[in-house]
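Both complexes shown next keep chain A, but they swap its partner, so chain B is in the first and chain C is in the second.
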Partner chain A sequence: MLLSIVLSGVAIGCVYALIGIAYNVMFSASRVFSFTAGTLGMAGGILGALFILKLGLPVWAGFLLALAGGAILGVVTEILAVRPVLKSLDQHLYVLSTLALALIVQQFAAIEWGTDAQPFPRLLNIERNSFDQQFWLPMVACAVTIVGLEVLYRRTLLGHAFRAIAEDNYAARALGLPERNLRMASYAIAGVIGALSGFAGGQMLLAFFDNATLLTFYGFVPVALGGMGNNRGAVVAGLVLGLFQQAANFLVGGVFSSVAVFAAFILVLLARPEGLAGVALGRRV
Partner chain B sequence: MDMFTSGARPARASFWSSPAITAALPWLVLAAIAVALPLYGSGYWGVIATRACVYWVLVAGLNLLVGFAGQLAIGWVALLTLGAYITAVLSAANVLPEVHPYLALAIAAIAGALFGVIVGLPALRLRTFYFAITTLGFATIVRQIALAWASVTGGGVGVPGPVFPPPFDSQWGFYYLCLGFAAICTWMTVNIANSRFGRALTAIRDAEVAAEASGIAKPRLLILVFLFSGATAAIAGGLFASLQSYITPDAFTTELSVLFFIGVLIGGRGSIIGPLLGTILLTVLPEFAAPLVAWSTFLYAVLLLVIVLVIPGGIAELLDFKNRKPLETHRALVPRPELLKRLLAQDDDPGTLTLEQVELHFGGVRAIDGLDLTILPGQVHGLIGPNGSGKTTTLNVISGYYNPQRGRAVLKDAVLTQLSHHRRAQLRIARTFQTPRIVGEASVIENVMIGGTIDGTGSFFESLFALPRHWQDEKKLHETAMLALSAVGLESLAGVRADRLQHSELRFVEIARALMLRPAFVLLDEPAAGLSVEEIRRLGALVVEMAKNGTGVLLVEHHADLIFDICDHVTVLNLGKKLAAGTPAEIRSHREVVSAYLGG
Partner chain C sequence: MALTRRQALKSAGAAVAAAGIARPAVAQKNPILVGYLPALTGPSSSTGVGINRGIQLAIEEINKSGGIDGRQLELITRDTQSDPTKAVNGAAELTRGVKVSAVFGPVNSGESLAVVPLLARTNTPQVHPCWVDTLTDVKKYPMCFRNAPTNQQIGGASNRYVVEVLKKKKVAVISDTAGYGTASLNAYVPMLKQMGADVVYQASIDAANPDLKPEILRMQSAGAEAIMPWSVNAGFLSRIINTRGQLAWDVPICGQTTLGSGQTKALLEKPEYWAKVYPNNFRPVCYGAGGKLPDRTVAFLDRLKSHKIDMGDTLLWWIALGYDSPNMIAQAMKAVGPEPEKLVDYMNQLKDFPGVYGDISFTKDKHDGYRDDQVVMVEANSLKDGAFNLAPGYGA
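So, the complex of A and B:
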């Protein structure tokens, strides 16, 4: 019992952490949180089911196409909902534009894919046991993403450019970095990570349009608690969230676990608005 | 005969183009269409119109929160759900003894007001996106509880909605009931919008630091708005339950919440008629094309994206004909300092504003390093120094945006550094900002009236119901603001939207706003930046006149000429420390100052 709580907690926590990382990657590139983060997760699940189950493509092709779909969605987000409102960050128009785009995509999915949750394919024919695909796939996806991002950010020139943009946008542009292209690349990466999370969590969450709302919320919890832009914080907070949620699910049951998670989230945020690992912001005048 | 007609025509034209009539016209047209609807509309349209009224009862309150205060509450459907279930469950008598529908509605309103504060509370601590997400979370949670708590809410099966007693039990009767609620909500929000509270809300939205400097207590004001928006949303919920005749959790989707939110934004921020038209539009739109019903939320979202990207001002901006007229291009700012006497008359001794050994560091950087400063009433005190020497930081310590690690600021017996921003405004300390902090969508005079917010005597509820003290406050604030605008030379632009003004004019709007506090001390942060030589001279005369009327002026400035012309005393800062202090003549000949800062 304990094992299954831990396994499912860690697995769903990995999905949340990945969405959190998608939020962070977009935030680092543009200082903007995007409501489309959860939509990317939804798209990963639905595209995976569409390509592999409905269209019968091989698993690897379906996987790559789902990620490509996420990347396209990421770039579209940047072009349509982020770039036009970057000039007036202080008016918070990005909240509205990204919300609008997230709804457009989600509603499109609801109409074209249907409002019922549909099954997600099994990828490998290993025998079912406690270490099922729904558990190992998110963990592998999360680990690969973390290692991949670390290598990208620390070891490659492109990664250094990303960090420069995140650190000081003006200085980076003054150095001649192609800020706009880097931002689009960041959104594409965020799209891939978001789609990966939905694909990896597909067996747990199914291919369901309303996952967008769910993931937008639960994926933001790790960001808020881990500190914005802080990927390590997001992973830790994501795992804690997953475990807490599954434990509460087991101990007090569905609704009350949601209430418990939400109440805990609000209380922690009210006590520390900058997150458990974050730092308070500086000057206003 | 000729004479008669030619005399009558201009009179009629002026009647139709008088501002009061143009403002009231859309309301009268809407009211006429709504009241007469049963005469020409089918029952089907009656249902749609009823729904529009119910939605508007919620959106009217939400508009104060989203459109005026700028709090992005996207999950306000949580309160509709709460109100609907409370009204329905209480009047269905499946758990508790039966309650009369009106009483049930009143109980729902009270519960909604309280829950509105709970949902809204995070807004006082969290930034925009965080708050938006938490309201979304509340909406999801409330719906899940409604689904799970089957013994009370009927779970997925639902509960019947309340039926209001005659004459409101028929379709058109119920329509008029909802229309009545909608009209009352409109009236109340218009009252708030045109009160010091409504202006304070827009200041919190667009110029938060200026709001604080004007003495507006954000938490208090927002909680009042949460109470109001929560109550109206819950009442809308009760009416919604009756309209649906049977409610299940499925009726309270995120899509519905988004509809309310988008209704406000399509309408335009800081407007009442805009969001009203927006709500009607969103309610009616899907009815024109049946195949579009499934796509309605999709279309709302597209509409929202288009509005945000193309016309951020929404419907209200399209309707704002008054501000399309071009302004005069060569406008001269001619202040009338002699009017300051009527604004600034000090009745008691303002005391002395002193900083004692103030020390403030950010990490390892010492922004202010043991500063002593004394600002006397009736004097102009110049604060100069190179960039980064701690001038603005000093103002921010006095205004309360920074708390020094050591030392304190004192005015009379009050230790400023222990007081919140808005308490400092009550001690009559006003200020302006390096970059003008203005509510661009509000008119110039409204911006200036924000400065006098703390001098109102009527409460929020008196303004809500437009009681006598509300009118007294408005009249007095308007008169004082016109006087302040005349003093700085901007009275001819009083009715113009502030974002149409030139930068130099905005500096004078800020000064007028500061004057509204009848300041004992005024802190001016680079008021001459961006002004022409002639404007700087006029600014100087204005500042001197302020001091003559007893106000102590602390002037941060880079224009050395202005400083030496008008200051009684000058303090030179360098790296957070006092480099020199004295009369302008002493400073001008001070060797270190000349080499470090003035040059030559």
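So, the complex of A and C:
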């Protein structure tokens, strides 16, 4: 039983962590908290099933096309839901604009794809076992994403530019950095990460339009617990969330496990409003 | 030739008289309009698409055989798009604009919940096949009739099968957190307890939960001998079946018809996991002993085949229900004409209408026309030509 809790808890925690990272990447580039992150995860699952199962493409082609779809959705988010509200960021209009876009995409998926969960393909032709690919694929995807982002942000010039606009976009623009293009690129990267989470977790979550709601909420928890913009915090908090959720499923079951998860979430935020790994910022007065 | 005043008056009088005589003759040739509110598109359209195939066949046959006393039956269709708001708009147009004589549909409960009160206010006779118990009420909706089972009948059949046929006394009852699921759970658990069953595990579970192993293990440790899931969510149901299979736990799963749907089948990890899964279905459209359908259903299948109606992607009971509904309305109209009050009086005394989907009877005090004994359980993995084998334990 313990192995089962750990395996499925870590696997689903990795999916939540990836959605949390997608939230963070978009937030760092724009200071906008885009609620399309869960929709990106949903899109990754549905596009993967569409390309591989329905259209019969090879797994590698389906994988690349699903990620490309996520990137396009990320860019569309930036153009339609983020850019128009950047001038009035303090009014939090982005909550409405990004939520509206997320709902539009989700309803479009429901109409075109259907409201029933549909199968997601087995990606590797390996016999099922207790440490099945449905568990370890999200773990691999999470590890690759963390390493990739670390390399991008710390070892490349482009990554330094991303960090510059995340730190202070006015100063970055003053230095001649193309802020708008970098922001669009960040949203494309977030789209790829979101789609990767849905694709890697597709065998657990299936290709289902309503995964968007699940991932939007549960993907938000690692960000809030780990600290906004803090990817390492999101990963740790995502794993803790997944394990805690599975343990609650075993211990209390039914809808009470969700109650337990969100009760713990609220308690943690009451104790540390800046998140477990976040840093409290002083405000100049 | 000059026309005298007397000739003109005679001509005018003759014209008026001729018009007065001719008017009813013209009216007799007008088609009788029947409103139809299916969900042909949108997220809940699979039922409507199946039902529509039967409806179209029935209308074609009725009109080919002379219609209603020489008048054709014209179906005025408004696709609800699986949306209660559009269903209400369609119903308003059918009753106030087109002025139909009767309405069949909507075919989904969510849309019917919105439409039934509206049709009651417009005094339009209505027949619908939706299961939610409150959708018939002879006092509130005296012109509304249901030619399908209620939720109570569906749950009752499952409970009887588990407790009386399979002789399982320790039962786990679970649902998703949607309205249908929780309402079913709350209704069926007391029924089971009344029958002497011990409900050892009961829970409403978030259907999006990707891992149901904890729930299944909890049922197992509670000593459950049967699982009864109530949900129309194929993803949720398939996870229950898959997890039972992974744990090699050999208990029967009995419940909602979606357990036997193609969507559920598509989500199974292994085809053999579908064994010992028993969804609800309806005796007149099931294979009995020796793999035979009732004679009435065999004749219907032959007609479907001769009309090249596809059954591979739908269920026989949906097509049969669609076929029966206009035939029942046409029988009433042939007997008493299309006047609403007369139609309702006739329906209030309808006895054993011989439908393919089932025999239907109404009384003035009971507008739920489907018989309890026609609701049965079937073997999910026996689907062939849209129909299933009766579950083990039923007589022929």
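Note that in this section the second predicted complex is superposed on the first by the 281 of 285 C-alpha atoms of A that agree within 3 Å, B and C clash if a C-alpha of one lies under 4 Å from a C-alpha of the other, contacts with A are read in each partner's own complex, and residues count from 1 in each chain.
Note that a contact is a pair of C-beta atoms (placed from the backbone, for glycine too) under 8 Å apart; a residue touches a chain by one contact, two chains touch by 3 or more.
Quick caveat: nothing in here was measured; it's all calculated off a predicted structure.
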{"item": "Side-by-side fit of chain B and chain C on chain A, or clash", "value": "clash"}
{"item": "Partner chain in contact with A:Ser4 - chain B first, chain C second, else both or neither", "value": "second"}
{"item": "Which of chain B and chain C A:Val255 touches, first, second, both or neither", "value": "both"}
{"item": "Touched partner set for A:Ile165, first chain B, second chain C, both or neither", "value": "neither"}
{"item": "Partner chain(s) touched by A:Leu50 [first = chain B, second = chain C, both, neither]", "value": "neither"}
{"item": "Partner chain(s) touched by A:Leu270 [first = chain B, second = chain C, both, neither]", "value": "first"}
{"item": "Contacts of A:Ala17 with chain B and chain C, given as first, second, both or neither", "value": "neither"}
{"item": "Touching partner for A:Thr216 - first (chain B), second (chain C), both, neither", "value": "first"}
{"item": "First, second, both or neither for A:Val25, with chain B first and chain C second", "value": "neither"}
{"item": "Touching partner for A:Ile104 - first (chain B), second (chain C), both, neither", "value": "first"}
{"item": "Overlapping segment of chain B (options 151-159, 475-483 or 529-537) - the one that collides with chain C in the superposed model", "value": "151-159"}
{"item": "Chain B and chain C contact sites that coincide on chain A, given as residue numbers", "value": "111, 213-214, 254-255, 258"}
{"item": "Complex contact set, residues of chain C against chain A", "value": "42-44, 177, 203-211, 213-215, 217-218, 233-236, 238, 263, 266-267, 269"}
{"item": "Partner chain B, residues of chain A touching it in the complex", "value": "33, 80-81, 84-85, 91-93, 95-97, 99-101, 103-104, 107-108, 111, 213-214, 216-217, 220, 224, 254-255, 258-259, 262, 265-266, 269-270, 273, 282-285"}
{"item": "Of all residues in chain A, those that touch chain C in their complex", "value": "1, 4-5, 8, 12, 110-111, 114-119, 128, 201, 204-206, 208, 210-211, 213-214, 246, 249-250, 253-255, 257-258"}
{"item": "Chain B - residues contacting chain A, complex", "value": "70, 72, 74, 121-122, 125-130, 132-134, 136-138, 140-141, 144-145, 147-149, 208-209, 254-255, 258, 265, 294-295, 297-298, 300-302, 304-305, 308-309, 312, 362, 392, 396, 399, 401, 433-434"}
